[in-house]
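Shared between the two complexes below is chain A, which pairs with chain B and chain C, respectively.
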Partner chain A sequence: MDNNTLNIRYEVVAKDFSRAGEASSALKKVLRKLNISPDIIRKVSIPMYEAEINMVIHANGGYIDVDITPETIHVVLTDNGPGIADLELAMQEGYSTATDNVRELGFGAGMGLPNIKKYSDDMKITTQLGKGTTVEIFVNIPA
Partner chain B sequence: MKIREVAKLLNAEILTGTDYLDEEVYSAFACDLMSDVLAFVDNHTILLTGLTNLQVVRTAEMMDMKVIVFVRGKRPDSDVVELAKKKEMVILTTELPMYPSSGILYSNGLGR
Partner chain C sequence: MEDINKFRHEPYFHSVKLNHDLCKGCTSCLKRCPTEAIRVRNGKAKIIKERCIDCGECIRVCPYHAKIAVTNSLDNLKNFKYNIALPAPSFYGQFRNINDINVILTAFKKIGFDDVFEVTVGAELITKTTLKLLETGKLKKPVINSACPAIIRLIQQRYPDLIENILPLKAPVEIAASVARNKAVKDTGFSQNEIGVFFISPCAAKMTTIINPIGSETSNIDAVLSMKDVVNEMAPFIHKIKNIEFTTASDSAGIVWANSGGEIKALSEYNCISVDGIHNVYKVLEDVEDEKLGDIDFVECSACLSGCVGGPLTVENPYIAKAKIRELAKKYNIDTRPVNYETDMFLDKEIEETPLTKLGSSISETISLMEKINKLHESLPQLDCASCGAPSCNALAEDIVRGFGKESDCIIKLKEKIKLISDEIQELD
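Take a look at the complex of A and B:
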């Protein structure tokens, strides 16, 4: 870890839907202070927000680690939730296992993971049933 | 169109953000599904919705939307207004349903 890397860790509280998005909001503020352009900030904060909400509704909360260098933003969301049974299916637009109360709040349309892929420059999901899921979001900062 | 004019056209009450009424807005997105708001980014500045939970403010924040219009006479809880205030957003509430609200803004030139 060199001096050019900024590392931040956020905790995501389980089942507390009213606080979902606080970490994404906090990171957005940091990125603004670093004078990163609004377009790049959105490429990070929309996927991170989607993943943070997933963490609250599907898993039991977890941690988000963010590494920022002058060239890249790397977000790693780690949970100890149930894992994803069929990742290929979960990546399909419209597929969701969200409950009715989540849908009533305006989420659970099965757009979360596809959206993360759409906005970020790269994403990686590692999941194990009964153990948890790690979602990585990569965004490049153009020089 | 200025935010002030949006409020006037919709006969809306301003719940927070009176300091920003002279700022310009260029387009709107009308939707009750936050998942779709997140999926269709196009630099919209106004969100019209009938949902009133905290995640509406968070979603608007992520999308850099400045104004939230609650339609169908929906009034959010004070914690929703407080969060929006902190984020320097404008919150309006109108008795009009989503369709006429959208139609009025569109026919007056917003987003065209």
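Take a look at the complex of A and C:
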């Protein structure tokens, strides 16, 4: 076992939909260079994109830290947004607090958090009203 | 006379080549190459063979015309007893004042061909089969068209998991070639080998494909002529043609394939998008991979802006050519003849992945190399000026780690170093 870790940080800008998804695209390029198979890459990039969009829509932006070891990919998305009032409700498919404006842009379908759970191997959400939310995504790299 | 078989099965053959004498070692092609396949070394551009997809962007942007597409010449007509020209649909858009496809077909006879078989017919056959395949519901969605070889090569190299989305049909020209050859054998009594099948191509990527076919063992095309060369050959006399010697078999459904959006025109009951320009295709394939496109059934991609009329070997302004094609499609919108050639249209070989050389031999090793690249990148000026001969600071950092470059290739770094040394010398005084 070695402790080789690649750390990367991305910043996410609030309300800028034209840039939303930049971080997950950039990470995809890194994972491709690491020769990680496309199906594993998808397990990271799809949930990360969802979480990134959430940050843009709801949370005034924030930053994303990615740690890659030979065994796992660990993505931590941290924001200083309003926090999630009812986490159980937010995890339900189709539930969304997104405004009509955001829905007009094709976002806010209420699939963000459910998709993160669906695609990743594991996820963890810590949220505090008025303080912010941290979403963690775990994906294993099969040997 | 050139030997038209000299390149056959040369591994990593590329039609896009460099004319060393003309290359000034500027960075125009370097910055524009979508797969970062070019470096400038010792003052000349060098194409990294495993990365090049023959899209022809460099041919288009080189201000010194040092990037060329290797194609065959009309001299090759002498190699065969009976020669057939296969004009790509985009060829019809090259003559501004000619509105009669029959005139264009007749011009092929004047430059030495015995017969013409139109690629539009192959395109139409594909359109019909695509509709049938879509109806079965068995194709993986979104289906990606198979007609543009540069796109297929991009998928093989960068998006291997999208290979199964590629329409499992041959390109229109291959279908046209096999139908034309069989028809000629029947009509003339010549053997297969005595018949020369010449494709009149708008791009370099097609040339590469006949040398190294994708999805089949061999190509049915004997030689590829550059559209530019053929237009030049015909230009002096085509306006004077009076006696028509051919009647077109083209219908609008095939003609519109010359333009981006042409292939999906007949698939109107499905949810289709058309993407043109290799840089745009890149972004869309990225979205396909991330399942971001939603309910799209078919993605038509062409490496060239405007579609094949924008090919690097075309002559006419692509926007004018596009309008011309639309005009012709209107004129020939008469499906009067049955298109029922018997030919195998399916790809007969799996499309393989062609991944790039790995950075490290294990994930662990690659992670440490990536860390090195990231650190190096941070130490570089990040101007992406390409003066070092790599397309970006990041590419230089990777080249250094891979052992193909050094930090002093960066002229800004070098300048800093020289300043340091000169300061030290002054101190000595």
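Observations, loosely collected:
As a working rule, the second predicted complex is superposed on the first by the 140 of 143 C-alpha atoms of A that agree within 3 Å, B and C clash if a C-alpha of one lies under 4 Å from a C-alpha of the other, contacts with A are read in each partner's own complex, and residues count from 1 in each chain.
As a working rule, a contact is a pair of C-beta atoms (placed from the backbone, for glycine too) under 8 Å apart; a residue touches a chain by one contact, two chains touch by 3 or more.
Model, not experiment: these values are computed from the prediction.
After overlaying the two complexes on the shared chain, residue contacts for A:50 are found with chain B alone; chain C is out of touch.
When the shared chain is aligned, chain C comes close enough to touch A:69, but chain B does not. By the touch criterion defined above, A:105 lies against chain B but remains apart from chain C after alignment on the C-alpha atoms of chain A. In the superposition on chain A, contact is made by A:34 with chain C only, not with chain B. In the overlay built on the shared chain, the residue A:18 is in contact with chain B alone; chain C does not reach it.
For the contact definition in use here, the residues of chain A common to its chain B contact set and its chain C contact set are 21, 24-25, 28, 38, 42, 45-46, 49. Remark: chain B residues 32-39, 41, 49, 51, 53-56, 58-59, 61-64, 79 touch chain A in the complex. By the touch rule above, chain A contacts chain C in their complex via residues 2, 4-6, 8, 21, 24-25, 28, 30, 32-36, 38-39, 42, 45-46, 49, 68-70, 141. Residues of chain C touching chain A in their complex: 158-161, 286, 289-292, 355, 358-359, 362-364, 366-368, 370-371, 374.
For chain A in complex with chain B, the touching residues are 17-18, 20-21, 24-25, 28, 38, 42, 45-46, 49-50, 53, 105-112, 114-115, 118-119.
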